[in-house]
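Chain naming follows the written order as A, B, C, D and E, and within any one chain the residues start at number 1.
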Amino acid sequence: MTGGLAALVPLLAADNGAAATTNSLFDYLIALIPVLPLVGFVITAAIGRRLDREAHWIPVGLVVGTWAISMIVVFATLTGMAPFGHEGHGVTLYRWIPAGNFTVDVGFFVDNLTACLLIVVTTIGMLVHIYSIGYMSHDGGYWRFFAYLNLFMFSMLLLILANSWLVIFVAWELVGLSSYLLIGFWYRRRSAALASKKAFIVNRVGDVGFALGIMAIFVNTGTLDVRQSIASLTEAGGQFTIPLFAIALLLFAGAMGKSAQFPLHVWLPDAMEGPTPVSALIHAATMVNAGVYLVARANPIFAAAPSALVVVAAVGIFTAIFAASIAMTQTDIKRVLAYSTLSQLGYMFAALGVGAFTAAIFHLMTHGFFKGLLFLDSGSVIHSVHDEQDMRRMGGLSKKIPITYATMFIGSLAIAGVPPLAGFFSKDEILGEAFKLGFPWVWAIGILVAVMTAFYMFRLMGLTFWGKFRGPQEIWDRIHESPPVMTIPLIILAVPSVLLGLFLGLPFGASTLQHWLEPVFASAATQLHHTEAEYQLFGIDGALIGASVAVAAIGIAVAWKLFGVEVGPIRKAGEPDRVRRLSARAPFLYRASLNKWWFDELYDLLFIRIGGRFAAALWWFDREVIDGTVNAVGALTGTSGRRLGRIQTGRVQNYALGIAVGLIVMAGSYLFIAGRGR
Amino acid sequence: MNFGANGSNVVAVLPLIAVVLTAVAVLLVDLIVPRRRDAAIATAMIGLAIVAILVLAVGGETRVAFAGAYTVDRLTTFLDLLFVSIVVLTIAFAPDYLEPRDLPVAEFATVLIFAISGAMLIAASTDLLLLFLGLELMVLPGYLLAGYHKTDGFSTEGAIKYFLLGSFSSAIFLFGLAFVWGLTGSTRIADVAAHFASGGDGAAGVSAGLAMGLAFMTTGVAFKIAAVPFHYWTPDAYQGSPTPVTGYLSVGPKVGAFALILRLFVEALGPLRAEWLAVVVVLAAITMTLGNLVALTQNNVKRMLAYSSIAHTGYMLVGLAAYAGASDPKVQQTGLQGLLYYGAAYSFMNLGAFAVIAALQRRAGVTSNLETFAGLGRREPWLGLLMTLFLLSLTGIPPTAGFFAKAYVILAAVQAGGPVGILAVIAVLNAAAAAFYYLRVIVYMYMRDPVSESPALAHSRLLWGGLAVTTALTIVLGLFPGPLLDIVGQAAKAIG
Amino acid sequence: MNLQNLPILTAVIFLPLVGAILIAALPRTSARPVALGTALLTWVVSLVLLAGFNAKGQEFQFGAQADWIPLFGIQYKVGVDGLSLALVVLTTTLTWISILASFRPIQERIKEYMISFLILEVGMIGVFVALDTFLFYIFWEIVLVPMYLIIGIWGGANRIYATIKFVLYTLVGSLLMLVAILATAFAYQAGHGGVWAGAFDFEKLRAFAATSGFADGLQLFSFGAFFLAFAIKVPMFPFHTWLPDAHVEAPTAGSVILAAIMLKLGAYGFIRFAVPLYPAAAHTFAPAIIVLSVIAIIYGAIVALVQPDLKKLVAYSSVSHMGFVTLGIFIFNEQGLEGAILQMINHGLITGALFLLVGVIYERTHDRTIAKMGGLAGSMPVYAAIFGFFVFASAGLPGLSGFVGEFLVLVGSFIFQPAVAAISTFVMILAAAYLLWMFQRLVTGDLSEFLAGLGHHLVDIRPIEILTLAPLAALVVVFGVFPGLILDLVRGSVTSVLATVRPAAPIALPPIIPAAALALIALVMVARLVTVILGGPNRPSRPARRGVVVRTADGR
Amino acid sequence: MPRSLLTILGTLTLIGIAVALPIGLAVLGLLRFGDDILFFVLAEILIGSALLVVTMRDIIRCGLAMIVCFGALAGIYVIAGAPLVAAAQVLVYIGAISVLILFAIMLTQTKSAPTRLVFQTQAVGAGIAAVILAIVIALTVGSTDWHAVGQRVHTATRDLAAVLFSDYVLPFEVVSVLLLAAVVGGVFLAKQEEGGPS
Amino acid sequence: MSNSLDAYLVLAGLLFAIGTFGFLARRNAISMLMSIELMLNGVNLAIVAFGAFITGLKADGSAIALMVMAVAAAEATVGLSIVIAIYRNRNTPLVDEYDEMRR
């Protein structure tokens, strides 16, 4: 009890954990990062309804505060200031679970990896909050939306800050919850409700693996502290109950769920039922990166089990091409972006799989910004055309919504890998590393995906902004640019989409990011025998860059050819007939892409129909066999009673005969007993 | 030797004399002031109170009278008090039933008191002939009581069935007794026991004649206690009899017959228990099982309670089996104590249950069908509550007398181990099955709406008083079994 | 003043009885306030227990002892350790909540209802604090009667079938347990030179079991009997079929108590009596019980997926959740046992709340069919929010109390055997599936035609209803964030139980007896399956009212 | 009337056998004359009349046969050396019980109660049970050592009287109470209620 | 033969068995009553025989036999009164028609 009471005053107990250091100011700051949004959530959930249209002040304000604190902490971390140093700094709040030798402390730990994610999460989170003020301004559940968003921020920050596997798992589930709430935000829409449920359940599939992985870690190491357990797991010559390979795959299962990797990808496209800021924040920039973060966090474990890394790479790159293939034919603007997200996440996993952890985090950061930007743009588009999401009823919007158009164009260039935008650097690094680290097949597929990426992004641009408007005239007349509260975040986001790559990862020698993340990934690199090769701009590296740029160009060109372009002087109308002919020529591929390779149908068959039948059969079994047995025992008793009751004929002579027979039997048995006794 | 006028003999039989005189007095009072119920009842009650006082006064020390034919020991005292309470309660419950049917109370009380004199005689007899006579004195008035509602076809039908089968079984029993007399050459229980203990017929194995005698006696006794397969009379006689009589029949003659068993099988034939153990075990098992199974399907509460009474016989036989099956004298004692405790507990709870039925039948023409009980909890909440208590006690739900009694015999059976241990398991499974039909009555009382809205009846104070006593005992014997345990402990010691 | 020396525990046990008697004596109108007052008073006094409890000590505290039936050494002996105390407080809490929740729905025979409820509380508390096996049994059976009445009188349409099934099923197990209690006492007595003193005293029995131990045969029999009694109560697969029926028919508060407390009686019995007294037999049986628990976990969840009735769904989810409890107990390690206890308490809070919530709906619609519902979020937003909260708590959302217990059990079972944990963990998916399915059908979408037809009857949750749910919600959060509050409390109990028994052996080839038991269960099921398929007698789903007219004369 | 003829023939045959059997046995030396012959004849009469009691159609004749049966039994008692019992047998059974039964027959055998069927449908089963019972008893009796004296003992009336009023005084009194109870109850039951059903 | 206990006992057994047969087979209540009397007489014969042949019993045999007779008389009284009572209700002495109560 005492532990619990002390926990009510969190930081007083900060020194009961392993790291018994004097409290520094940063301990409080670190703790405040997740606590502020939690406070925002609680307040808004409690009184938000009364605040009505003013409900955004508290949550947005607190998130801005979080961002500010985060930036201080990030700065301190990355510059290796006092308590952080090279290895990072942790703070323990209280002992959460004291169960024998199974103890879990709630505490935070900030190192450079965390810092990198903090940048992405808090920045985009803050911008999305602001953006939402405008986007959601007319929605009935205004306060609810901000409450959920704050809950999400809390969960996501807890996820990246936690220093115990189990607390990560808690946050893991909580982001799942907030995702559920936000996808199903418009609960009256049946599709939204179904999508949210699907997201949560599919995530749970991955969570099972994660949970088992955590148990395995505990069984192997006796602790759930992230660093301690990793340290003892990667100790040389360690003998473990559960092989590391299994642990790595179990953790990866969790990552697959949250990051929507094949075959658990099905929830993410449906998740677009949520409001667009949600898609931007959760389903593009932050939550879906949790899987990448997890694998990166556990990188020594993976490095110690290289065969698991191959699995990661294979799943990642397959998801990349698989999702890209679907994105090429989707007509819903947000779905295109959703599949694009899947595909980009696949890249990141491929990077992790090949051992290029830094590259993966690099792409995570750049992708977070430009995909967030793209989603917010799409939101702005949807907003402007009055909640129309089908690109077939768009077109020519560039004139009406120029800021949106401009920022989206930047985002598209970034994702397509056009230098010197952010996406170019990060994607190029992934592909390059894959090639150099001995995974040419990853590189080859990756290149193909790059073509497809450039293609579907500019298909999207073409269909949305260029050419003629294909929707109803009355809509066209009312299209207008979004309010500044929405466009300013777009502009702000466009900046890192352009510059972040240059800043973090200029590929000449050790980049900034590499420098930052070196302490986190060093041991894994050693384990995997990576050697720092000289950067050869005019050798292998230059060739790879050239290939990347080339494929991006090819993709863009094909898209322009088919769907038109209106950039400055380059103007060309789209060729819908040709598109039609092309799709008719490859009907299977086209249909497969359009129908997302029928995975929804497959799962529906497997889990809803067959699984439902099975469950119904089991219920039948329960009623008829198990309960039937119980009832049969009862019925049998009753029946035998009824049968036995028939000897009571009512006729006294029958009774007497019964007695006489009983007498004879009795005599016989006594004689028998007597005979035996003799 | 002349025993007749011996003073100590007279002292020993004083309670018996008093009870007979009470019966006669009631008859005389009825002759002097005819048709005055209260006078007859008052006489009976006063007489029985005197009897009870005499029982207590005479008891306390062991008195052997009539050259060992008649012994007053703790067992006698305990059983006598039990019998007196049974008959007092029965008389208390009867008027409410008899009055609307225009049946006289005086004759009822007289015959009933005669019957109980037989039971008291059994309790004190240490002579086989006296046991037989006591048995007859107990059951003959019983036949008459069963047919007491003589204008009612059911009552007389039950009576004649009871009578015919009862006489049949008496003859069988007597035949068995004769065999024992022939073999042992004595009618004294002490002599018989000594004969068998010294290996007269027992040690070297049982002679065929003795086996025959045992078979006939067991059959006769099994009939009286309504053990399967000699139980046939029970449902018909119970259902047919006037309800207070049914109540009496279900406890008085049953406990009396068990008293006979204690005197005959335990005291006299105790040395042969290895021979009759197997029979008792089988009887107990099939008695419990059949009683409960058939009770499950009954729709008439009296008939259901008749089958339940059969089942309870089975439980009591478990105590007897524990006595016979145990090698440790302490455990044997436990078995007998269990039997006695069960007898007492069963008497009170079952009388209580029948009293409620009788009270419901205060309006002539009301049957004892389950429908009668529909909505009782609402119509007459107190009666419903009490009935619930008695039924729960019969089920064996703590903290009631029935529970402790059941636990006690089961404890004895568990201790005895072997086949008797299996009997314990059969007993509890039966108890679970039995819960169904007891609970069914509760279902009707509380969970069904009344078939017809009839106004609550006014019940006599006597009935309420009697119910209060049975209720109190049903609860107290369950919550604080200690005192009674001491008593039955001493009683059992007298014969074990 | 030392709290330990006051007869507080006895007061907690019998206060409700006093209240019941008071209600019986007072007029009908005072039944509600008196009942609530009594329950609240009991609750407060039980909190005093909590305050005065010394969590460091492993021995029983607040003990009270008096000879009852000296002849057999049967005593009135009560006392609490952490486990008991936690469950007692859970009981007192949920009782007043249930009574409060009954104010509106129960309008008929309110006196009898309240009396039943308070006596029920006496029995439940008694079970948790009895330290004499005989006394334990008595309280155990006392619980049956009021529940029987509560379901049977104030229940739904098919209540009589359900209540009789409930009672009979429970009785079968408990009566065998009585035999086992008596046999154990006798074995103790025989081992102590025929002296009965202490033969029913739990502490003495436990000490005896720990030192010389009971004979193997007795252990197997007694454990088997205890197992049956407790397994039916928990209920473990395949003894669970009474539960859905009982829940569906019981009134709301009855369901709450049934789920929250009554099911815990069985689990408590396992921890308190079955394992410490018969450790060898427990060890022998453990593999079979673990198999059954894992089946229950998965099976309950799968069957819950297809339930058309809200209460049935929650009932089957209880089967699944309680599977964790039995699993945690019988893997015999600290994580498992602590998790099991935590799960017991959390299941009590969460499922209790879910039944309250179902009751809220039922009170307005008089229906529980999921298919008829829909769109409640629009017309009952607060209700929807609270409902969602408990749905996620039930689904084991971390941060809420359901998670920690489940996870601890899983960790324990992973230590025991990873395969067991792997199978059991899958329930996370299934639980999310059936709970969210229910939630979605109920809360989202447009208001269903059925509900729309109710018009203004469909009011949002009332303050009194919130009052019943708020404490539960608060506790769910508190225990989710600070599970140590419970874990520290019960550590002593856990340690003393585990000291008596070796860790369970992994399931490889189970010993012959449990294997035979499992085989028997399987055989019975197969036999029944064959009869059902061959068109055997159909199950009488309604109260058996066969057409056979038993010809009994309409006699006296 | 072949049926009545058959009955007469059968009866004659049975009587013939009954007479021939003791003579034959005596000739063979299995029976000593005197008591043995008397015993045997009385036993024959006893069994024969008992069989008639349980088989005859007309219940009044059954009652008469029973009187014969009891008379024969009294004779056997005399042979067994219990003359007082024999006397009591005559008084109680023939004098009281039989008459009582005959009265009851008169009271209950109305025209409306025809004697259609003498036997229950289970007569065969009853017969088998009775035969088994008889055989079992006979076998048992034969195989048991009763420690009996070789020569039957005559019970002097004086001895019996002494025993009766010393050892048996309590049973004696009990029997009187029993009879009182039976009479009180019997009178109540048999008494016609005024205004009751006829 | 008249000096052999076995002969008396067999005779008693026969009488008892005949009585049993009558009791089981006859339909008329009074016939059944008579059968019971036969059985009791069989028993009495056995008792008297024991009195004659068993040293320990001597006069006891006769005394018991007298008691049994008295009991038989009492039984007859009771039985006949019941028969008469039921006859008033049912107008038939045939016992197998008294089967209103069964199962």
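Note that contacts are C-beta pairs under 8 Å (C-beta built on N, C-alpha and C of every residue); 3 or more make two chains touch, one makes a residue touch a chain.
These numbers come from a predicted model, not from an experiment.
**Student:** Note the shortest touch-path length, in steps, from subunit A to subunit D.
**Tutor:** 1
**Student:** Tell me, please, which chain's centre (mean of its C-alpha atoms) is farthest from the centre of subunit E?
**Tutor:** Greatest centre separation from subunit E goes to chain A.
**Student:** Using C-alpha centroids, which chain lies at the maximum separation from subunit C?
**Tutor:** Centroid comparison gives D as the farthest chain from subunit C.
**Student:** Comparing the two chain pairs, does A-E have more C-beta contacts than A-C, or is it the other way round?
**Tutor:** If we tally the C-beta pairs in contact for A-C and A-E, the bigger total goes to A-C.
**Student:** Could you give the separation in Å between the centres of subunit C and subunit D, each centre being the mean of its C-alpha atoms?
**Tutor:** Averaging C-alpha atoms per chain gives centres 70 Å apart.
**Student:** Could you tell me the distance, in whole angstrom, between the mean C-alpha positions of subunit D and subunit E?
**Tutor:** Inter-chain centre distance comes to 8 Å.
**Student:** Give, as an integer number of Å, the spacing between the C-alpha centres of subunit E and subunit C.
**Tutor:** Here subunit C and subunit E have centroids separated by 62 Å.
**Student:** Distance from the CA centroid of subunit B to that of subunit E, rounded to the nearest Å?
**Tutor:** The answer is 26 Å.
**Student:** Return the residues of subunit B touching two or more other chains; collapse runs of consecutive numbers into ranges.
**Tutor:** In subunit B, the residues touching two or more other chains are 129, 133, 136, 140, 144, 147, 150-152, 154, 160-161, 164, 168, 172, 182, 185, 207-208, 210-212, 235-236, 239-240, 297-298, 303, 433, 436.
**Student:** Could you check subunit D for residues that touch two or more other chains and list them?
**Tutor:** Correct list: 120, 122, 125-126, 129-130, 133, 136-137, 140-141, 146-147, 167-168, 171, 175, 178, 181-182, 185-186, 189, 196-197.
**Student:** Which residues belonging to subunit A are in contact with no fewer than two other chains?
**Tutor:** In subunit A, the residues touching two or more other chains are 634, 638, 642, 645, 648, 650-654, 656-657, 660-661, 663, 667, 671.
**Student:** Once bound in the complex, which stretches of subunit E touch subunit D?
**Tutor:** Subunit E residues touching subunit D: 1-3, 5-11, 13-22, 24-31, 33-35, 37-38, 41, 44-45, 48-55, 58-63, 65-67, 69-78, 80-85, 87-89, 91-94, 96.
**Student:** Across the complex, what residues on subunit C touch subunit B?
**Tutor:** On the subunit C side, the touching residues are 68-72, 109, 112, 134, 137-138, 141-142, 144-145, 148-149, 152-153, 159-160, 163-164, 167-168, 171-172, 175-176, 178-179, 182-183, 185-186, 194, 550, 552-556.
**Student:** Residues of subunit A touching subunit E in their complex?
**Tutor:** Touch list, subunit A to subunit E: 645-646, 648-653, 656-657, 660.
**Student:** Within their complex, state which residues of subunit A touch subunit B.
**Tutor:** Against subunit B, the touching part of subunit A is residues 634, 637-638, 640-642, 644-645, 647-648, 650, 652, 654-656, 658-659, 661-663, 666-667, 669-671, 673-674, 677-678.
**Student:** Given the complex with subunit B, which residues does subunit D contribute to the contact?
**Tutor:** Residue list for subunit D touching subunit B: 136-137, 139-141, 143-147, 165-171, 174-175, 177-178, 180-182, 184-186, 188-189, 193, 196-197.
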